[in-house]
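Each of the next two complexes has subunit A plus one more chain, namely subunit B in the first and subunit C in the second.
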Partner chain A sequence: MSDLAIASPISSLRRLPGVAIVLVLLIALFGAIAPGFLSAANLSNVLVQSTILTMLALPMTLIIMTEGIDLSMGAVLTLTSLCVAIVSLATQSMLLGLGAAVLVGTVFGLANGWLVAIAKIPPFVATLATLGMAHGLSLIVSDGQSVVGIPHSVRDIYSAKLLGIPVPILMGVASYGVFHGLLYHTRFGTYVFALGGNRDALRYAGLSPTRLLIAVYAIGGMMAGVAGLLMTARMNSGHPTAGLGLEFDAIAAVAVGGTSFERGKGWLLGTLLGVLAVGVLRNGLNLVSLPSSVQVASVGVLVIVAMFLDGLRSRA
Partner chain B sequence: MSDRAVGTAVSPVPLLELRGISKTFPGVKALDDVSFAIYPGEVHMLLGENGAGKSSLMKILCGAYTADAGEVYAKGEKVAITSTADAQTLGIAVIFQEFSLVPFLDIAQNIFLGREPKGRLPGTIDRRRILRDAKRVLDGIGFDIDPSVIVDTLGVAQQQMVEIAKAISQDARILVMDEPTAALSDREVELLFALIARLKADGVAIVYISHRMAEVFALGDRITVLRDGRRIDQVRPADVTPDQLVRMMVGRTIDMTYPRHFAEQPGELVLQVKGLSALTGISGIDIEVRRGEIVGLCGLVGSGRTEVARAIFGADPVTTGEIILDGKPISGEPDIAARRGIALIPESRKSEGLALLRSVGDNLVVSALKKLFPSRLYDPNSAQRTADGLIRQLRIATPSARQMVGLLSGGNQQKVVIGKWLAAGAKLFIFDEPTRGIDVGAKSEIFALIDRLVAEGAAALMISSEQIEICHVCDRAYVMRDGRVAGHLARSELTEENIVRLGMHHE
Partner chain C sequence: MSDIAKDAPPPPWSFLSHNAAQLFYRLLAALLICIVLSIANESFLSLGNILNVLRQASLTFFIASGLTLVVLTAGLDLSVGANVALSACLAGTVIHQTGSPVLGILTGLVAGGTVGLMNGVMVTAMRIPSFIATYGMLWVLNGVTYWYMAGETIHGFPAGFRQIGSGYFLGLPIPVYLLLVFLAIGTLFAQRTVWGQEIYAIGANPVAARLSGIPVSRRLLLVYTVSGTMAGLASIIFLSRLNSAEADIGESLTLPAIAAVLIGGTSLFGGVGTIFGTFVGALILTLVLNGMNLLSINANWQPLVTGIIVIIAVWLDMKTRRGAT
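Let's turn to the complex of A and B:
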């Protein structure tokens, strides 16, 4: 075979982001070794299960683009999920449950934003502190017990279909659409790039980095509230450790997706692909009967592999 | 000659006039009664040595600093510049050396940051219009590029063009450029000059800070020379020669004594650098330092002085050339250089030279641990004795060896850095701006200390932007320009004028 024939597919592969390669390889791998992986039912399942992570990873992308991080997202999601369970149980209203969850989530997001932008506490420390507070509150409001017996209106969201498509998938797609529009087509999105890329440029333009930064974290909290509804619906209960470690998956998905922790380099579609890679990996490992401990470790490996592929690409 | 007399030939009313501007920072008078007028369609060159007050003046123009005294007039009316917004309203835009661009936005988004055309939905941007408007601005300055290109993929020159486009789009009438050609290739410089000519024709005034004589004469309509925060003179290029300009720039007043015992005969060769080049932009460096000598390394900031020091110390990889210490070649890592007896006392001693939260004693012995404790067991008493000895020898003003280094004054911190290398048995000391940020009395003491070091058999290479210090303290000096050694000055030729002349661009 001539060199040319080999060279051209490789050079075009190099232009592909690492996360796309990883996702294709993972699908191919589990298609080959995991029975039933490629069935329509299972693929739909992967998408449904990825919705909650999508809702966290999208705002996490914006936060990381500002050279920040939100470690509290998983714990806040646990708390908002409990809010949904408790409020909907008391009022028999799904919407009131959702409202309470969004309110609580947004308050935590605002707190994170305030701590980072005004109190100037490093994001890692600030959101670690709110993680602890959200976790503690979860234990208090639930008394350490699961909240069961929630109304059907909540539970049905997870299994309902619209035009034959599961509602969670639609919610995930809608979230992506909103965030895509927000990041790439609004002034706010433009300023998110500047928050990480060059804050002085914002100041010269007469804009307040402080308020923008608070808004970015607030959006993260709000989305944790929306995701809380899905989590409660999925588990058919409120559970005091429901969101444990989800911030890890969200940060991993963002990192795998090629968003940089410096200079405001972000890629929203990459985050979506990263979420799917994490979802496929967990689902596939589940199908081949590996325990969840292996799944957690494998997400770590995934991050390193994707970074490595991107590193190869940027050097090429 | 008054501003007005010179200005009449250009245009009767200045776009902007500064009268009697002063600005004081703790311990230094950055600007002292500076007056300065800018007329439409002129390129006004601002000339001065490092620290003459150019950047302070620039920052006052753009509202980053507020003057302590003095008045500003725009088109004859009294105004105040107290914020960047004020400066923008007056049509003043500064093209900084570090750009104010957002790397992962496109050119159009950068040009109109904060002024995006509104789209149909609230909060959205009219994408088609922003691209069209950007294209128009770019065309206006003759920059032919697709406005949807991400800025991060552009070269330095192109980013500078975007920066200028941004300023022009804000109706800037006064552009302040800080050494705009510093990072440009010859071809890019030509493009920039063409753009400047175009802006001039449109009546834009340009304040141009430069260290390159050729540019000063090629572009300038008028030249203002600053020295020690004062306006020395304002001239037209046709009325002066480069040599006259240099003489205006130098001649700083001496405000201290320099204790120095010059050796009759320099000792044997300690350091020999032959044809040294590194990726950091220095090339073909030849330098020699002998025992008992203090050799100066001068030149403008950015001429490669620090890079030479770092390459000798092994902190940056060397591409070609040889570094010979005591007759034996040396190459590689800082720890090898340190073991062979080279001490680098960096400019930013806070970040590179000292562990600020540790004690004076710890800092003094840290480089000498292997020498002091060959058995690899730490003996606090012996460390304490060594530290106390050095504190006495160097007259470090500290209550005890246990004091945290960060609490000492700048001069005493500098002594601790020197003591640290003395303990390790260094024989070649490389000082990078040894007197930056320390007061006059402490400076004198530091020089006395360096003098004593070389008298006792060490050798020293000293980088300084203070030409007067080099002239008084050094046995001889190398002058750098654009990453090369532009010349060597023996003791008898060591004058500020000669240093500045060699360090500037004449071609």
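Let's turn to the complex of A and C:
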């Protein structure tokens, strides 16, 4: 708890190998055994499919840096995706749908933040409870059915291209840019490092760790709202169980990316590489026709190994 | 994270009376729910429904009782639901292939216990925080179970085996007898054995526990293995009651189990709580869900309500503990 770790370029470089090696190995492996893996179309596909995960994993990095976790993200994403579908269906407006999704997501984020920062309920349990609530609400508003017939303006987002680059990829890159700026070039970012590394220092500096913590969780909820738009666009419908479990991929990406669960050390670029590693792993296993159950189990093993190594590194 | 236990230098009697009061309030809450439900719906007080509530509560209790021990050590086991699913599918396969319920039951218990042991190894030898280790395990188990079942359902078991979950003895469902047995064993183990008391000590202060010579790692291994084995036991009851096994049967079990533990007054920070409290917690949760059922509220509301109950339970518990010190 004592050392306040601000990621310097040097420490970033030292950590680069871990996740980068994993990524290169995975690409080499699937390039060798999976037919068509290295084709431009498939690689572009991997990137497009990784955007939703990127939008969850970036705020998850911040949350985990504060020694927290958000298990509700996948369920909240499902709920916001339904919001996009229902509102855009009713109003024929994509922007109103996005607005509703961001609003609902932010409310859940604020609730998580309140439960963790003010009610002081351990994050694992608080967000597991809100997971249940978001899942329940998804079932209630959709009555367990898919919401179909959403307007073209929503669906087109997923397939549209700008300057020849798919819009989802641009959104993912933009999200990374915003989070990079936020974490490394604003005071807020420095405070986030301090939230996990040295909370007392914040208090002595006259800042409110409580409010900062709530803000971090709220950002997570908000991003789940934005990702909800992409989710609905991708499936061309809203589905009451569509995003469940995605928080696990996000946590896996963060863990593999070298963000520590214990000491406020985070590395945003590592998370991005982690997202790609998870994306490549799932895509590659898919191409060699292993069922999604094997993908889920492999990501589970990936997390346990990453956490084990993280623990070794922190004790070394 | 505030340490409630740390700033608690209470008068010597307050620990006991506080816990007794906590238990009293919970029983009172259960009674209140019963009164409200019996007024709202006349079929609540029917014998059939009461037995149904008890049987439901016993299923939650089996998973939650092992989990209570884990939470007493300030850990958490998020893999219990997925463990039930895998154990049930393996046990179901063995019964189908060999025709022997005894072998099936053994398979379920051993599978559940093995998963628990692996959790314990990750927490002790590999020193991964229990939340993350068991969360990773949850997804590994999910993946393995879905892969193993490949969308199939195992259906139809011998009549004798089905008695375990759906049979009656002297007018009471058999799971209720099992509940009483495990309630007694669990309470005796936790309150009246050295190992049980060591588990409380580890949760209250792991460093002090280690310094006073308690083999912390071995006790933790035991606790996670017991939690897994109880999940294995629950899987047998499920299997015998549903008369079928599917990969997704565990998905809605983890949150209620955690809810029962927390409603029962076991502290997430370790060292405080009882198995009997967890029984009362399972009863309260089952009463609420049963009541919603009787008032014909859509089952879709259940995860929402369970989530809200968990938060209220933890929050109230922390409030009252803070007030009591």
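Here, the second predicted complex is superposed on the first by the 287 of 316 C-alpha atoms of A that agree within 3 Å, B and C clash if a C-alpha of one lies under 4 Å from a C-alpha of the other, contacts with A are read in each partner's own complex, and residues count from 1 in each chain.
Definition applied: contacts are C-beta pairs under 8 Å (C-beta built on N, C-alpha and C of every residue); 3 or more make two chains touch, one makes a residue touch a chain.
Values in this document were obtained by computation on a predicted structure and should not be read as measured data.
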item: Winner by number of subunit A residues touched, once subunit B and subunit C are compared; value: C
item: Which superposed partner A:114 touches (first subunit B, second subunit C, both, neither); value: neither
item: Which superposed partner A:303 touches (first subunit B, second subunit C, both, neither); value: second
item: First (subunit B), second (subunit C), both or neither touched by A:291; value: second
item: Shared subunit A surface residues [contacts with subunit B and with subunit C]; value: none
item: Subunit A residues within the subunit C interface of the complex; value: 69, 71, 115, 119-122, 124-126, 128-133, 135-137, 139-140, 143-144, 245, 248, 251, 255, 261-262, 291-301, 303-304, 307-308, 311, 315
item: Parts of subunit C lying in touch with subunit A, wherever the complex brings them together; value: 1-2, 76, 78, 122, 126-129, 131-133, 135-147, 150, 247, 255, 258, 262, 268-269, 298, 300-308, 310-311, 314-315, 318
item: Touch list for subunit A against partner subunit B, complex; value: 181, 185-188, 190, 193-194, 197-198, 200-207, 263-266
item: For the subunit B and subunit A complex, residues of the former touching the latter; value: 84-85, 88, 100-105, 109-110, 113-116, 119, 123-125, 127, 152
